[in-house]
Each structure stands twice: as C-alpha cells, then as structure tokens.
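One structure is given below, represented as structure tokens, and several questions about it will come after.
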Amino acid sequence: MDEIREECGVFGIWSNSGKGAARKIYYGLTALQHRGQESAGIAICDTSKERGNIRLHKDMGLVGEVFGEGVLSELEGNIGIGHVRYSTTGESSPNNAQPIAFQYLKGSLALAHNGNIVNASELKEQLLEDGSVFNATTDSEVIATFIAKNRAHTGSIEEAVKMTIPHLKGGYALIIMSPRKLVAVRDSLGLKPLCIGKTEDGYAIASESCALDSINAEFIRDVLPGEILTVKDNKIISDTEGCIDKSRHAHCIFEYIYFARLDSKLDGVSIYSARINAGRALARSFKDKADIVAGVPESGITAAMGFSMESGIPYTNIFCKNSYIGRTFIKPDQSERESAVHMKLGVISQAVEGRSIVLIDDSIVRGTTIARLIDMLKQKGAKSVHVRICSPPFLHPCYYGTDVPDEGQLIAKKMTTEQIRDMIGADSLEYMKIEDLESMTGDLALCKACFDGNYPTAH
Amino acid sequence: MDEIREECGVFGIWSNSGKGAARKIYYGLTALQHRGQESAGIAICDTSKERGNIRLHKDMGLVGEVFGEGVLSELEGNIGIGHVRYSTTGESSPNNAQPIAFQYLKGSLALAHNGNIVNASELKEQLLEDGSVFNATTDSEVIATFIAKNRAHTGSIEEAVKMTIPHLKGGYALIIMSPRKLVAVRDSLGLKPLCIGKTEDGYAIASESCALDSINAEFIRDVLPGEILTVKDNKIISDTEGCIDKSRHAHCIFEYIYFARLDSKLDGVSIYSARINAGRALARSFKDKADIVAGVPESGITAAMGFSMESGIPYTNIFCKNSYIGRTFIKPDQSERESAVHMKLGVISQAVEGRSIVLIDDSIVRGTTIARLIDMLKQKGAKSVHVRICSPPFLHPCYYGTDVPDEGQLIAKKMTTEQIRDMIGADSLEYMKIEDLESMTGDLALCKACFDGNYPTAH
Amino acid sequence: MDEIREECGVFGIWSNSGKGAARKIYYGLTALQHRGQESAGIAICDTSKERGNIRLHKDMGLVGEVFGEGVLSELEGNIGIGHVRYSTTGESSPNNAQPIAFQYLKGSLALAHNGNIVNASELKEQLLEDGSVFNATTDSEVIATFIAKNRAHTGSIEEAVKMTIPHLKGGYALIIMSPRKLVAVRDSLGLKPLCIGKTEDGYAIASESCALDSINAEFIRDVLPGEILTVKDNKIISDTEGCIDKSRHAHCIFEYIYFARLDSKLDGVSIYSARINAGRALARSFKDKADIVAGVPESGITAAMGFSMESGIPYTNIFCKNSYIGRTFIKPDQSERESAVHMKLGVISQAVEGRSIVLIDDSIVRGTTIARLIDMLKQKGAKSVHVRICSPPFLHPCYYGTDVPDEGQLIAKKMTTEQIRDMIGADSLEYMKIEDLESMTGDLALCKACFDGNYPTAH
Amino acid sequence: MDEIREECGVFGIWSNSGKGAARKIYYGLTALQHRGQESAGIAICDTSKERGNIRLHKDMGLVGEVFGEGVLSELEGNIGIGHVRYSTTGESSPNNAQPIAFQYLKGSLALAHNGNIVNASELKEQLLEDGSVFNATTDSEVIATFIAKNRAHTGSIEEAVKMTIPHLKGGYALIIMSPRKLVAVRDSLGLKPLCIGKTEDGYAIASESCALDSINAEFIRDVLPGEILTVKDNKIISDTEGCIDKSRHAHCIFEYIYFARLDSKLDGVSIYSARINAGRALARSFKDKADIVAGVPESGITAAMGFSMESGIPYTNIFCKNSYIGRTFIKPDQSERESAVHMKLGVISQAVEGRSIVLIDDSIVRGTTIARLIDMLKQKGAKSVHVRICSPPFLHPCYYGTDVPDEGQLIAKKMTTEQIRDMIGADSLEYMKIEDLESMTGDLALCKACFDGNYPTAH
C-alpha cells in the first residue's frame, strides 16, 4: 500500500467498583483501531482475588473479529490492558500479537507496547547471554524480560520499571499490568503519545484521547514524557524523576499530520486544529487560481477545509468513498488494474467538470495513488489539478516505530518536485515547508527527523 | 436502526469477447453495496455453449464475504446478472436471496429484481390456483413464475416479459437472463432506477451509474421507464411501446435525498448536485445566525456543503467517524447506552467549542440518533445547534420497496415540529418545504408520496 | 471412492405432548448418517398454532455440522421431518438439499424423500408443460409439485398423495408434512425401507429401525410396501389399498449386504443375521485351508464372524482403522500414493505374519482398494490371502437410487473372476452365488437386478 | 468422559533429499492422533539455508483441522518435528500447544514433548530465580529453557541435552530440533515410548511404530531408555551413557492395555498380542458359562477375541458404533439422558437376545458407561452379562502424564468388586490379577504403579 503506517495503540483500565474492565477495553481499542488493524488482544485481572491470575486473549484481526460476546464474558476482572497492532518490527504472526503475559519470579505480568526500541537487539543480546529465551520477535518481549529481571532485585513493579527505563532508547508508550497495579510509562522525549482519564469508577489510560471519549471517560492529562504513572488502589501515583525539560521533547510530527484521530488532542494540541492549520499554511503560499478545494479521503479532507477557510476558495467533496471494500475484497488483477482505485473512490463528475481544483493530501510516499486520482479527475473533465501536500518531502527513515517504505521507494529521494509533479500529472505541486510545520503545533517541540534527518536519539 | 433503507441493487453484464463476466459483476455489485447488505448473488451463463447452463451462487452477507476467489473462478461464462439485497418483503433468509434461477418449459432463466410489486399477492394467488408452488416468500419468485408461464405461449423471452409487464403494478427494475440474452425492464413510472453502459467488449446494466464507473464502463443512457431493453448477440434492442409521457413519471425522491451514491447520475440528475441544491434551498430560508455548518455523516455532509456555499457560513466537519464498527461489533448494553453513538462518531471539540452550529441531516425517522448527537455537541461546548432537514416530514408509508418504520414510529406523525425540536434538544429545527423539492431535481416528475400521500398507483 | 453408496435417510416425528421434535429428529438423523453424509435438513411445524408455519433449516454437511444448539432451538414445533442425503440424481449442491418446503394453493408442505423415480423426467416434462418452474434438479421437487397440484382437486393431503402414487415408478420412501399431519409412503415393491415406532408421547418414522432405538422409541412395524400411513391427532391411519402381494415385493438386497446399519431390522430381517449368514454361506463352499479369517473394515467384519462360526477358523482383526481421517484430510498425492490406504488402515503385523488369511468383503466395485490391502498384508508377511465376497459380481446398473460407478468401471463387467483374482493379487477369490442370497434373507422377495438384470419395473 | 487419557504424541523427520518434511509429519501425526486430540503443531526448518529459520504452526484441534493445504505448503523445509496433545499439566489453551519454538543465545530451537516431569515446579522455581520468564504453563517450556541455558556453557545442542537430562525426573519422550539436527531422548526408565525408522531419504522418529508405517518408513528400533539419539547430516549418532539395566526399566503398562494403537509394537511387544494375551489370561480363570464373548468398542474388542480363542466361546460384535458422533454433537440433556449412550452404540438385538454374554473392557474408571451398556443389553434380551476387565483395579494416581480422574472418582477406591458388580448390574465381574499382567508383555519391566502403588521414581 502507498501509505505510512503507525504500529500500535494501547489502552488500560482500572475499574474500582468491580467487573466490566474487558468491555471497556474492547470499546477503547475499537476507538484506537486506526492505529493498528493486524492483531488485537486484552489481558485482564481481578484485584480482589488473593492470587491474581492474568487472563489473556489475542489473535490476528480487528477488535470486532477477535472478540465475540463469548470470549469477552470470560475475561472477568476489574483491571486490564489492551493492544491493537501493526507489525513494524517482528513478523506479522499470531505469535507477535500483544499484550504479552508471562510468569516470572515474583508472579505474573502483562505488557502492552507502542513504539520501537532502537537498542532492542543489544538488550536482547544481553538477555540471551544471561540465558533468556524468546518466543516472539518483538521488542516488547525484550522489555518485559528486562523488567522481570529487574523486579527480582527490587521491591515493586514500578521500581523495576524505573530501573529498566534508562536502558531503553527510542520511542515508546507502555502499559504494564501486575495483578494489583497498572504502570504507564512514556519515553522521555514524548515520541509516542499516552494520556489518562477518569471514568465513573476508576481510571483509563490510552494512546489517544478519542479512546477516553469512547467510554465517556473524562480526559485528565497527558502522561508526561519520562513519567512513571502507577494506578493502584484506585489512586494515581506519579514519579516524574525521569522527566526532562519540555524544550528537549521530540513529539512525532506524523501523529498530527496523519496517525492520530481527528477528535483526539495529544500533548495539548488538537489534531483537528493542527490539520486545519496545515491547510491554512498551504493556502497562504498558494499563488494559483482555483474554483474549488478538495481533499484525498480521508487523509487530506481536514486540511482542505482549512485551505478553504484561509483562501476563500469553496470546499467540496469530489470523491465518493466505497466503505464496503473490506479485507476480503478481491482486487482487480493486472489486466483490470484501472478499476482498483475506481472501486474505492468514485469521482463526482458534477463537482469536477470544467473546474480548477486544489487537491490536498497528507504526504506522497510513492505517488502511485495520487497519480491515478488525478487521471480520474481529468477523465471526468477537471480543467486543472493543483496538488498541495501537508508535509515536507519524506527523505529519511524512521527508527521509532513508523512503518515507511524502504528509502528506495521514497519518491522524494529519487526525483525533484518538478519531476514528481510531472509524473503524477498535476498542474502544480507544492509541499509544506519545514518551517511551516510549527504553524500546526505551536511551540510543541517536534521530531521531524523524517524530513530533516535530525534524529533526537542515537539509532 | 434509525434509518430508511433501500431494498436492492441489480447488475448485468454482456461480455462479447469471452469470459470474465462474474468478476465484472462482483465489482459492479460492490459499487452498489450501499443499496443492500443482507445478501448477494451472481448467476452466470456461457452463450457459446450449445445448451446454456446457468450457474448460481448466492448467500447471506456482503459481496466480499459471499464471493471468494474460488467461488468466483467457478462462475464461468460471458453473460450474467447479480443482486444485492435488503429485505423488505419476504423474510431475511438465505432462501430469499437473489438472483433466482429456475428451469421451466423452454429451458432456464435467472432474474434479479429491485422494487416492490403492489399486487404481488393477487398474482401469487392466481398462480397458486394454476398449481404453482413457491419456495421463497419474495415478489421476485412470483414475477419469475409469471414470465415462465407466459413464455410457453410466445416465441421469445422478451415477448414473455412484455406479456407480463401489464400485470405488474408497483415500482421495479428487473434484469432477466436466459442462456442467450439479457432483458432489462423498468416500471413505466420510473420509480426504480436502471441504466446501461458500454464496456470494452459488451454492455453493462446497473441500478446506478456509479457501478458502471467502477468497471470503467461508459454510461450510455438510463433505461426508459416502461422500456424493454434486450441485449442479444452483443446488440441492444429497445422496445418502448410500454413507455408513457415524461410528465406522468414518478421517480422516487428518496434516491436523490438518501439512497443513491453521490457519484451517480439517475435520470439525468446528479445525486451530488441534488444534495448540494437541497442544502442551498435550506440556506435560503435560514434566518438564524451561525458560526459553522456541518452535516451528520454521511447522510447530511453534501447538503451541508451546499448550505455553506449559499450562506457563506464556513463548512467544517465536527464528527470523526469510526470506520471499524462492523457487523460483529458488540453494542454497549442498556447500562452503557451512552457510549453507543460515541463509538461510531466522536465529536471534534476544537471545532464545536463555543460555536453556533447549523447541523444538516437528510431526514428524521425516530429522532433518537440526532438527539444523542446534539447532546454530545452541547457537552463539548457547542453554543447552539440549528437542525435543518433536507426533506419534508415523513408522514406516509411507501408501497414501492422502501423500508420505512411502522407509522407508529414516525415521529412527524405524532409530534409537531416544535415538539420534535424540543425532544431532540435543538435550538431551532426546520424541514425542507415540499415545494422546494423541485430545486433538487429540476423538472423531473417525482413520487413524493411519503411526504404528501399522493401515490402514483393504486396500492 | 471405490464404494457403492446409498442416497438418503428420512426421519419423521409426531410429539403429542408439545415441543422438542427438532432434537429428536437431530438424534434420529445422526443414527441414519451412514445413509448420506452430503447434506442434512429438518423441517418443523407446530400443530397448536392456528396457521401452521413450516420452519426449515438445511445445508451441506453432516448433521452435527449443519445443526448447532442455536439453530436447533429456533426450530420450534411438535411435528417435523428430516433428511440426510447422498447425491445420486441432481447435483451435489445446497439447492438440492432436503427436506424441501414450499407454499401451494392450500397452504404449505414439506417433503423428505429417499429413492429414485424412474419416470421423473416424463413427470417433470408434464409439469413444465403446465407452467411449473423448478429450482432444484431433484426428483423430490417433481413429486412435491405433483402432490401440490393434486391437492387442489381433492380434500386432504393424504388423498393428494394417493392420487400421485400411481404415477410414480421406481423405488421410494417418502415422508410428507402438512401443518397438521405426517404422511408416510413406500413404493409398492418395497424397494426402499421405512418403519414406524412409538415414542413416549407420539410416533416416529424412520428409514431404519436403528434410528428408532436412538431415541428410545419402540419399533411397531415396517410401513407396508404400497401403504399410505397418516399420523394425525396422535393417531395412525393406514390405507393399504395400494399394497400388493408379498411375493411380488422386490426389497433391495444391498440394504442387507451393505447399506443398512448392523443393529437395524428391515422388513423382518436383521441386518446382523443376514451378514452372519452371508459369511456362513461363503464358509460352506470354502475348500481352501486358512489360519484365520478377517474382514475388510467395516463392510466385511460381520460376515467374517459368520464365516468363522461356520468354519471354525478363528476370527481376528488384522487391520487397525484410523478414525480421525476426516473430510478435510489432505490425501497423499500421486507421488506419495502408497500411503493413502496406509493412513486409513494399518496392518497388525503380529496377526498376519506367516499366516493364511481368509479376507471377507461385501463387494468388489473397481478392485483398487482390496488390491492395495492384499499387497499390504503380503508385505507384512501373510502367507496367503483368500478373498471371499458376500455378493455376486456386480453386472447391471441400478435405477432405484443406488449410486454405482458407470458400467465401464465395474470390474466384473470386464474381467473374469480369475483375471480379477490375479489383478488384486489374491491366492483365491470367490463370490457368493446368486442362489445363496436367500440364505441371508430367508423368503423375503428381493430385487437382485444389479446381479441378474431382472428389474422389477420398467426403467 | 469415563476414560483414561494419554497426553501426547511426538513425531520427527529428517529428509535428506530436500523438501516435503511437513507433509510427512502431517501423516505421522494423523497416525498418532489417538494420543491427543486437543491441539496439533508442526515446526519446520531447512538445513540447506545458511541461517536456519524455524517455522511453526500450531492450534487447537485435530491435525486435519489445524493444517490445510495452504498452511502445509508454507511450512517449507527438510527437517521438522510435530506434536499432538492432550492437556494433563497446563491448561487447555492455544498457548500451551506444542511444539514450542524459541530463540536463545546460540540461535533457535524447537521442542516436542510427551510425558510429565515430576520435579518441574522445582526446576521452574530455579529458572525463575535466574530471571527466566514463562509464557505457557507446561513442563515443556521448563525443559526448553533449561536446555537453552545449558547450551550456553557447552559446544552442541546434544551436549546441552545431556547436561539437562540428569535434572529431569519423571517420564518423557522428547524430540528437539535445532536448525541442523534432531535430538531424540527418552527417560531412562522407558516410561514413555519412542522409536526410529528409515524413510526412503532419511529418518523418522515417532511415539509409536504405527506412525512409521503410515509414511512407509521401515522400523529400525526403539530409542533406548536413557539414550540420546542425534540425527545430523543424514546420520544417526547414539549416546547411551545414560542408559540403565533393562531390569530397572518401568514401561507404562497402560500403553499396552489401552493407549497405543493395535498395529504398533513398543519396546519389542506388539500391542495386538498383548491384548490378545490379556483376553486369554482372563479366559483361563473364567469359571462361568457363556454363549458368546464380545468387547466394548474399541477398548475391549481385541481382548475379547483373545478370550474367544482361549475359551472356544464364539466371538461376535453385539454393538454397532456410530462413527459420525463428532465433537460438535449436541449431547442429550438430563431429561433425555437415556439416549446419550444409545447414540454412540446401538445394541444388535439378534446377537444378544436370549444369550449369556462375556463382555470385555480394558478398565473401569467410574463405571457409568458399562452400567448403561449392560442395561441396554438386558433390555434387548440378554440372559446374563459377565464382565471381565483387562486390568487390575485402578487405585493410585499417575505422576507420569496419564490423565486419571481424581482419586475420589475412582470407583475401585470406594467399593469392593462385589459392590461394583452390583452397581453396574453385571452377573459376574472379574478384574485381571496383577500377577497376570506379565502374560501380556512377557519379561518387559513394567510400571504398574496405578495398580500397586510402587512408583519407579520419587514424586
């Protein structure tokens, strides 16, 4: 696919009044499904039982496919964590689904992880030397084993987490569950998002605030980069010793450009506003003339509205999306290739015929899809198509968990903007300037390494 | 669900150069999936074989679920018809899936049907008297048996269809396949849509033009109300004897308001334009003040854009739709009811906080969903919500195949507009006026019986 | 497969005290599963409801696969019929599964059918001339339509059946259900079996008595060849007008040789005894010497015991059957062919090494399996293998519903017994003599057409 | 169920000439399916690849359900191991399916295990202390981790196995696969069986010889108790340092009585012969009179034949087994209880009516099934039923992997033989005497702890 993909979403729940944690996690994960559609899992525990036994169910598929009424009702307990996954490191196999649950010296633990540990292979090597064995091929198993080892030399799970953190390099958001507690951690740079909310009878932790909304939880705040936040006996305990100065943060810009859901707010910045502002920024440097502005569904829609607001050029939809194209859809083969994009997006002739169009998208990875869309628009009579992209050209790989094609497939690496414009058949093409990214997120310190190569950590 | 539902979509293909009809029908039906998600089916035949044998596969489910690579590859042939279904008459059972295929005196036939025959039970009674037996509970089996009986007394399938047509009262679009031909018919009032297009090697017939686009077929024209159109030996033969004057047509207004896909054009009218115009008409009579205009996804989105164009009030999205809520999604139960709509639509706080909003939807059936949405908007800080509806109040049942709730559940039947406004919590509420419907579709003669009770046929 | 196959089993239940008919049919069909494993179905009705509505569920697969708890619990009613099917006439498709249920002039009917109507195509032609249409390709639909037509001219369903019977040529056992009654019929020759039993609160009708045992019903008697037996208001009404003299009966010999279950008794003859006697008859003409006698599982096992009893040669098992080879088992391909039979049957070396073996089977169709078995026995050290077959050579096709390979594949048609012996690698081979068949079934009048070509009807 | 169950079967293959290992394992596991029907798995490797990557597929279900053509074809490689499982220790969950595959310091390993480690919890505790974490709840993961740890301090996998063996107490048969080798080990007492055979292009290792037969492999010999047998570069290397004197062996008697397949030969003793001899031994002490002897299918069948041979009383079958009662079969509920056994076994009236019957079974656990069978026989007219059991009363738990009911449910623990006879309704009841067990297996040293409480190891 011609897309950049996020790898994971995590969700945790503490329900003081009793049962029902699994259902809440089910809803929370469904709200985070856009962050990963490959596998889903829930681990549950009952804090009222003397010897907490962690129950786990996970499998390949969407949340709604992995969990039926029967499975959900067997996941009894009042605390739990859940996970949706896209495979970045590790193969796409049931074995790599999360959460992972395991037994260790002091009892049992479960862990759900979003992100990428840059030094995972070194840590793994070290653990292998100590005699550890690994069942999966994920970073998460490395982190879990590390925490379990440290737990042997310390008095609590949160202390074991604290001992482990300094060794982890990269971007991550973790939720760890022991039979009594939830521990939430975020990398000190804030590369991966995590926030906490108040439910009617406890707390919820989620990758994005939209998941809190989905269960009617009230957003409290983002977990701080570097913070270790423990939920225990229905109380929150914060340990901020690992936090660093805000100015040294490096929040992933792609959460705002593409990954996060429109109705989420991450580290104080509304995704919706960021995208509206991206469109506005593009509009400010727009010199051409156009009759209408439109977005590539869904990635360019909101920015297109912002472009319209700033420029006064009317916004409209020009594509009709077929929402019934599921996983089992049989794609047209080579000889029928032309209908592949046709099936997903129909062009609304009436909206485009004889018109000059500004077409907004979030990014160009390989350029094949946008080229096909422009061709379809011209076939339906569009006079001209001016493409504007809400991000600078993608030039560098991401080491923190974003799945980007190999450098060889990044079009911006191989062609000039003019060559790309020509290849995709646009009448004009402009990317957002790196300096304009701040218009999206204000004074938030960003990781823009994929655009400028300035990585916030060694890698 | 709080919705009005269409019952069916039909698709037919004539592929002169050889095989591949089934795959084209698969794509066509996928493009028509919005017209029916209950069952899907394809019947195929090979005209080059001496004794054409009709192969049929149909089952409950979406097109992509019913047909896998294996099944599709076994459906060999160069002509075929397909069907997607919502159950209106007849139970929702595999037995009632279409197309239906059967053997009769002169060979075999298959039939795909969209619509409702008002006098089906009388016709059935008559056939029962003659000794017919019925396996399903659909109108379609009645029509098929009638045609088969008539074929015994005439020289061709198209003549048998012609003998049958005068007996059918109601709204319908039919595609009939014999081992040599396709015959397409539309009721003389034009209640149900049907159009024909040219493929690279033959013809395609479809309920909506968007299905022709999906296989890169070129739209030729709508099948005329009352026309019998035969595709045979790669030629089109038209019999227009049953056609009546345009002014007596009665095209279903709900195709334009809600059913048809945005990128379709039915009987010369673009669905997109009709909805943009609906929004414009609502804007013209808008007296209140508002900061933004938005639509209920997806039904009110396009009209909201039209409203924005006419009024100058900026359009934006205020809801974020979760596209992963599938059929197997476990709905929150009574005690969790508040999160049900929450799961499907998240409110974008940043877009609504402190703002006066015009919220557009296509219709109000029971009012429960819009009431919940308004409540969510107010919780997120909306200053006021002005609801505008793209259709007049729904007051009368439909006898032509549209699935409307019982009269007792139609809110407009029981409450004044002011009472409804109060119930849903809107700051103002206005419906489109009946006289404004023409602004949507120009001089097209419409069936508006659901609004004004003027039915175009006895019923 | 190298086998002769039966086509169907039928079962009916009248439960006076109330509900639970579907579960009893489920058990009855499970006991009849050996008669057909292709599809299964149950039709149910509640006689206490004013307008009896027949509910039907059927699908491809075994009884235990087609019916789960959920489906069974929805089949509410106190009378019902069921069917298990092997396809002989008509394709193997869901469309041809039984029972069939349909609506006709006087209400609704369901029908379950075992057997073959020799003149079905003529009857069908006649019905087609009258304007009937057919959905399936089975005889059963022809019979059903015929009965429905006759019902229009008569006062009851049993009379309509009576009008229909004289037109049906062939072998059949039918159970017909109207919303008030069950009607059971058997062809006047008695080609197909059917019996009736008493349950604690009503009656049960079944193809074989073993199905009565399975629900603890007490065997009353066989339905008479030619009898029309109606169960109505918890009473049995018998109409024997169509019965003929016992001496003119023609009971299918293959029920005794192979089809029926060992614990059934059909028309007064125990299947077990018939097979024991077959073995005894073979033993009486046995001139060779042998250390042990064994049977091919399961078809030759019982006769082998009879052979042992008569001859005094000890019986033992020499094969170990793998009962986990299910439908989804991936068969070894050409290059691995040798392990195909190996997987199903393991040879018990200890039992065969150095021994002379009498090996009994029911019949030889193509000879490939027995050849492979003999080869396996010799590899494991068998000194000699004397094959004895419980039936005469199979020389003529069956027109009454038994699925035999094409004449071209019948080995006895192409080779002498000596040639067959040589081909299968046996040290001696003898078939049962036609005149010895009576030793199996006493004075029961038999259809032995497959052996002697004397067909009891025109065909 | 009223049964004693085995826990596992293992199978390994070395195919020198190239691919195809997975299919051979598939057939081998199918032949071992009687040893475990809960889960199945295959791990595969290609020794020709520089860095051998182990591919693993396992799931709940029968071999034929877990592996389809698609899955099998993806398991490419020339060496592999497989496993079928019954859960004894560890829960019945997908997580506990085998083989297990993991990464460790020196690369990757897979392991398949049959048996029970008596000191597993102590070993686990020790590993936990060292910082190990565990994903499953099986002994197998403990063994695997132990071997992996030892591999760090030694030069080869077989040496690591050798270092591990002395620490494992209990009964086990293991096959370990590294990317280059297979290592097979058996506990030094020989509690669990394992043998090796020659294929056309390599070697096969299996729990029972019947699995070698299934792929046409030639039996070479049993793996010796205590032997470490390595298959490497298409050669067998034997290390017998851990072997002990034959007289100290303790082969599980239940393999001969019940577990193993009739056509297998374990440690030189044919299962068939052992059971024939068991029947003969029972016959020798038989004082009553009887007309026929029969066995409970399948467990008592072979012994019944032996009884017949010794006593001269004719053997026959008196039950007809329904082989279509699958996992999904809906069992009759309480109120229908009588038909539960009726469904599985039908009584052949003709064979039992008026007769005195010797009925043989392998063991009595709770006595409910045999009680029901005797009742059925008497209902069908049996004059008397003399029950003879091929094993002594079951009095002590098994610690080596055989799944026996809790002591409280062992009928022999609570009742005298006379009381049991009365309870099951038999006319006489006798168990095999402990001293007669040797008649089954000759001079093989046995573990008979379940009968006499003499355990061969601490436990």
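We call the chains A, B, C and D, going by the order they appear; numbering starts again at 1 in every chain.
We adopt the following convention: contacts are C-beta pairs under 8 Å (C-beta built on N, C-alpha and C of every residue); 3 or more make two chains touch, one makes a residue touch a chain.
Note that the coordinates shown come from a computational prediction; the quantities given were computed from them, not determined experimentally.
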C-D or B-C - the one linked by more C-beta pairs in contact: C-D
Equivalent of A-B within the choices A-D, C-D or B-C, defined by over half of its residue contact pairs recurring: C-D
Cα-centroid distance, subunit C relative to subunit D, in whole angstrom: 37
Distance between chain centroids, defined by C-alpha means - subunit B, subunit C (Å): 49
Where subunit C touches two or more other chains, by residue: none
Chain-level touch network, classified as line, ring, star, complete or other: ring
Complex contact set, residues of subunit C against subunit B: 56, 95, 100-105, 128-135, 137, 144-145, 148-149, 152
Touching residues on subunit C, where the partner in the complex is subunit D: 23, 26-27, 30-31, 33-34, 37, 62-65, 67-69, 72, 210, 213-216, 261-263, 265, 270, 272-273, 276, 301-302, 305, 308-309, 314-317, 319-320, 322-326, 328-330, 332, 336, 338-339, 342-343, 346-351
